[in-house]
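A, B, C and D are the chain letters, set down in written order, and residue numbers restart from 1 in every chain.
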Amino acid sequence: MHDLSQGVYMSKQQILLCNYTMSKKVELLTVTKNRRINDEYVIIHAASQDKLPSIYPGQFVDIKVENGPNTFLRRPISIHEVNESKNEIILLIQEVGEGSRLIAKLSEGDSIDMIYPLGNSFTIPAKGSKALLVGGGVGVAPMLILGRILKDNGVEPFFLLGARNNKILMELDNYEKIAEVAVTTEDGSQGIKGFVTDHPLMNEDLNQMNIVYTCGPDPMMRAVAAKAKNKDIKCEVSLENLMACGIGACLCCVVDTKEGHKCTCTEGPVFDIKDLKEW
Amino acid sequence: MVNLAVDLNGLSLKNPVMTASGTFGFGEEYEDFINIDDLGGIVVKGTTLHHREGNPYPRMAETPSGMLNAVGLQNKGVDYFISDIYPRIKHYNTGIFVNVSGSAIEDYVATAEKINELDNIPGIELNISCPNVKEGGMAFGVHCPSAVAVTEAVRKVYKKHLMVKLSPNVTDVTEIAKAVEGAGADSLSLINTLLGMAINAEKRKPSLSTITGGLSGPCVKPVALRMVWQVYNAVKVPIVGMGGIMNANDAIEFMLAGARAIQIGTANFIDPQVTIKVIDGIKDYMHRHDINDVNDLVGGLITE
Amino acid sequence: MVNLAVDLNGLSLKNPVMTASGTFGFGEEYEDFINIDDLGGIVVKGTTLHHREGNPYPRMAETPSGMLNAVGLQNKGVDYFISDIYPRIKHYNTGIFVNVSGSAIEDYVATAEKINELDNIPGIELNISCPNVKEGGMAFGVHCPSAVAVTEAVRKVYKKHLMVKLSPNVTDVTEIAKAVEGAGADSLSLINTLLGMAINAEKRKPSLSTITGGLSGPCVKPVALRMVWQVYNAVKVPIVGMGGIMNANDAIEFMLAGARAIQIGTANFIDPQVTIKVIDGIKDYMHRHDINDVNDLVGGLITE
Amino acid sequence: MHDLSQGVYMSKQQILLCNYTMSKKVELLTVTKNRRINDEYVIIHAASQDKLPSIYPGQFVDIKVENGPNTFLRRPISIHEVNESKNEIILLIQEVGEGSRLIAKLSEGDSIDMIYPLGNSFTIPAKGSKALLVGGGVGVAPMLILGRILKDNGVEPFFLLGARNNKILMELDNYEKIAEVAVTTEDGSQGIKGFVTDHPLMNEDLNQMNIVYTCGPDPMMRAVAAKAKNKDIKCEVSLENLMACGIGACLCCVVDTKEGHKCTCTEGPVFDIKDLKEW
């Protein structure tokens, strides 16, 4: 359990500081489990030989895909959860191209080459706050660990998960163990029909929230951010910019902030929308 | 014990393995993975006289066995480097080079002059070959008169090791190499990135905000090796070879083609420990081939 | 029904998919795998005035996402082509181009003159960009005056479609493109191979008998796309794009960058049926994107 | 069973003619068996859906290795044997680099993409002739099918197989079913110690032979060829030149013959040493 909650928001500076002193490593982990949850998604458990370093919600790993003729660069993947007792990192993988398909094919006993843990973290509000966690598609990945850590730190989380249809919706058990889960599907096959922003949680009920976190497709995050901004509620987004190095060395992954270009891989992937330009 | 030290025209490196500008940050980014002091040298990020925000996102596209970048020399300017970064990295026990870029000769000169004052920076790499900014760099490096003009101007004010980085986007790299050597370069590094382009067919859009960008990685290795070989046969100053080096074998190929030292760029993104593996692999090769001095590899290609 | 036919300055091809010279033999080699008549066009082997044995073995090296070749224009000469090969292939219902190479302007002219007489050859591709023979080709293609001289000389005797194939081994491809257009080319094809080199580190020897050779395959695609885009923005004649095309997606990228037709080279070695798959894939893309005429793709890159 | 023997040597012309009219195809075959025979070698069976075309001894297949980041081109592999009733092509693979290692990893049910059958063929001498088949290392591959077809055509074959040591020597059963097998190993761990050219079959006994076939490392083939030439015995070698296309289109695989450059992939891989320059 991470005690991130000092009763106040951690400032970006504090978080960067803590990342700066946290050390990253490159390691061959061992796949201990690969479970397909539907046509598009698998959940992979990868165990480290060593004790896991501290991992903060919103952080990611960068995976070298073996034997891919067209996967020259590493693939960044959010940390979905960790199992500290087994030293396992748990990943939610959506198959979209060659790299993610090859990762999704890994089976028990296979090695998986990762650089981790990377990136900053979502901020944890004061105890007693209410937090809305909005995930769309594979963007739900960092929400699970975030929800757990919020709860551990005395914050009340609410999940709002969107999907195209119930066939590719996540299994909800793990989320339900932590908090209430609301669902929207574009075809109405489960939960409320429409986008996440059509849900009461993003409308009437939004006022109750002290903070909104979101990760998912860009248009979704922008729509969520617009609603939060409108109600003047703090909102953090997790961006999925293209990355080459993942460790702040190449400056490829920049996002336009009010203080100029910042690296999504080290100064993000989590940003407060008030710091972003054109959000 | 094998000798790994190489001499770049009076400047000694403990081994021939350096890192390439723009791919290794200021070294600090890799401290978690390797001991920077184990490297022959590092070339830090492209530095300009003034702060530059670089190009808009997207700046990167993956390509077959390589990548395009269009970072566009994002950096906080030479004064920030001197005040904020230099103090943090000057303790590295490795050859630290600053990659100096600019859009006008006066900018190059002013930047080099400032860096000349830094005790623990034994050399600069003059970047006259960056393809990613309209005004900057590449235009100088693809024609002899401008390449000579900027080299001569910097040579006048810069008293330490002056390495000049050549562009591969030219008809005859030996012409530029000879001209730059004549203008006072202490060594030549090559290649910078090849000008390339990627398109997203589904979106019908260029993959980079700047449409074109710089190609690096193993895909460029055959072109880079050829240019190192050509330049080696045309000039006397030492050559620092790069372009797609992923492992010790690649590094040795560059040395056989004539490189006295090599730089590793894009490969750092794939494996942040690649530099150390390359140093170890070179030692291993030397053992297997009974070579005691790494300098014996330089230009050692057997062509009958 | 979508329209796949393209017009190359008056010469109509049934679709934009051609094969690249030196990679498709005379078409016959692929008859077991595809119906040659399904192709938009084929460019047969580099043909010279006289018989040439080509370079010594080894002539090939595999490289990351590509290959180097140093075939060196091995062919039996234009007279043999006319007497022995032409009769065997002239029935192909596709646009047959002869790739004409030479080491002197008179050779190019004499070869082109002979081919001008062949009824079923609607065009030649003037190869002024072969990097694999000392005297031949590339030297012409990398400088404007010589490129203009050879194009003008051939233009005088050659009455049908004159396609000129450009070298990527130049500082500014648009300069050469404009010069060659001015000299009378009906279309421009690009790119020929990039000059590269490979080394066998264990043997300390070059991998090719000629030390350097021509690089092709997906590794060159970013450079090829960039050059097609640059040339498209510089000339009016149609462009035939190539360099690393492996699938329909790649072909569409070239068309979006400005190519009216494309050529497939090295990919034929990997999949001898790739050409047909590319034609089918282009159709599929057009359906998905609601495009009825393949010509609408040409230069259709959205750059705001 | 192929009836190649017309009682006389087939001329090169006849063979080329027969190849020219034979059609090649590119096909996804299915691996039906992969058996490791020692540290370096595996034997792979690959079944075609269709009836196999006629396959001649000395011919090869050209394999596209899937998922190899450094295996852009196809890999040429000799046809070791065929099982006509099962429509299987049998290959002997030596693991030397990434491509052969990936092929050696294929398991039952995997697809294998081949262009085949490629190349010319060894010539079959008159009935009653004696033939020496000298294979070194993986060069034994085409000797098995050649031995069988020679025997089927009334020729008496003798195998002479060389290896560095007995650990990487082939299993001899299949060869022994066809003919006498002699062995040399460089370390003397089996058979006669030394190179194939140190064996009596390549010395005193060579005079009995009407023809010598050889495939293996270049220095071995040259040594064998020199001995055969010296005794004026017809000798055919199977060359392993680097290939890009495998079908005569690229002109990369040439060998220097007395009539100029010839393609190893279509006019070879089998050549009579009398036609080769500097042999």
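Operating definition for what follows: a residue touches a chain if its C-beta (ideal position, glycine included) is under 8 Å from a C-beta of that chain, and two chains touch if they have at least 3 such contacts.
This is a predicted model, so every value here is computed, not measured.
Common neighbours of chain B and chain D (chains touching each): A, C.
Averaging C-alpha coordinates per chain places the centre of chain A 36 Å away from that of chain B.
In terms of their C-alpha centroids, the spacing between chain B and chain C amounts to 34 Å.
Mean C-alpha position of chain A lies 56 Å from that of chain D.
For chain D, residues that reach two or more other chains under the stated contact definition are 69, 71-72. In chain C, the residues touching two or more other chains are 63-66, 217-218. By the definition of touch given earlier, these chain pairs are in contact: A-B, A-D, B-C, C-D.
Those residues of chain C lying in contact with chain B across their complex are 63-66, 68, 142-143, 169-172, 194-199, 201, 203-206, 211-212, 215, 217-223, 225-226, 229, 244, 249, 252-253, 256-257, 285, 300-303.
For chain B in complex with chain A, the touching residues are 22-25, 29-30, 32-33, 45, 53-54, 56-67, 69, 71, 74, 217-218, 266, 268-273.
Remark: chain A residues 67-69, 72, 102 touch chain D in the complex.
In the complex of the two chains, the chain D residues touching chain C come out as 23-26, 64, 69-74, 115, 241-256, 260-261.
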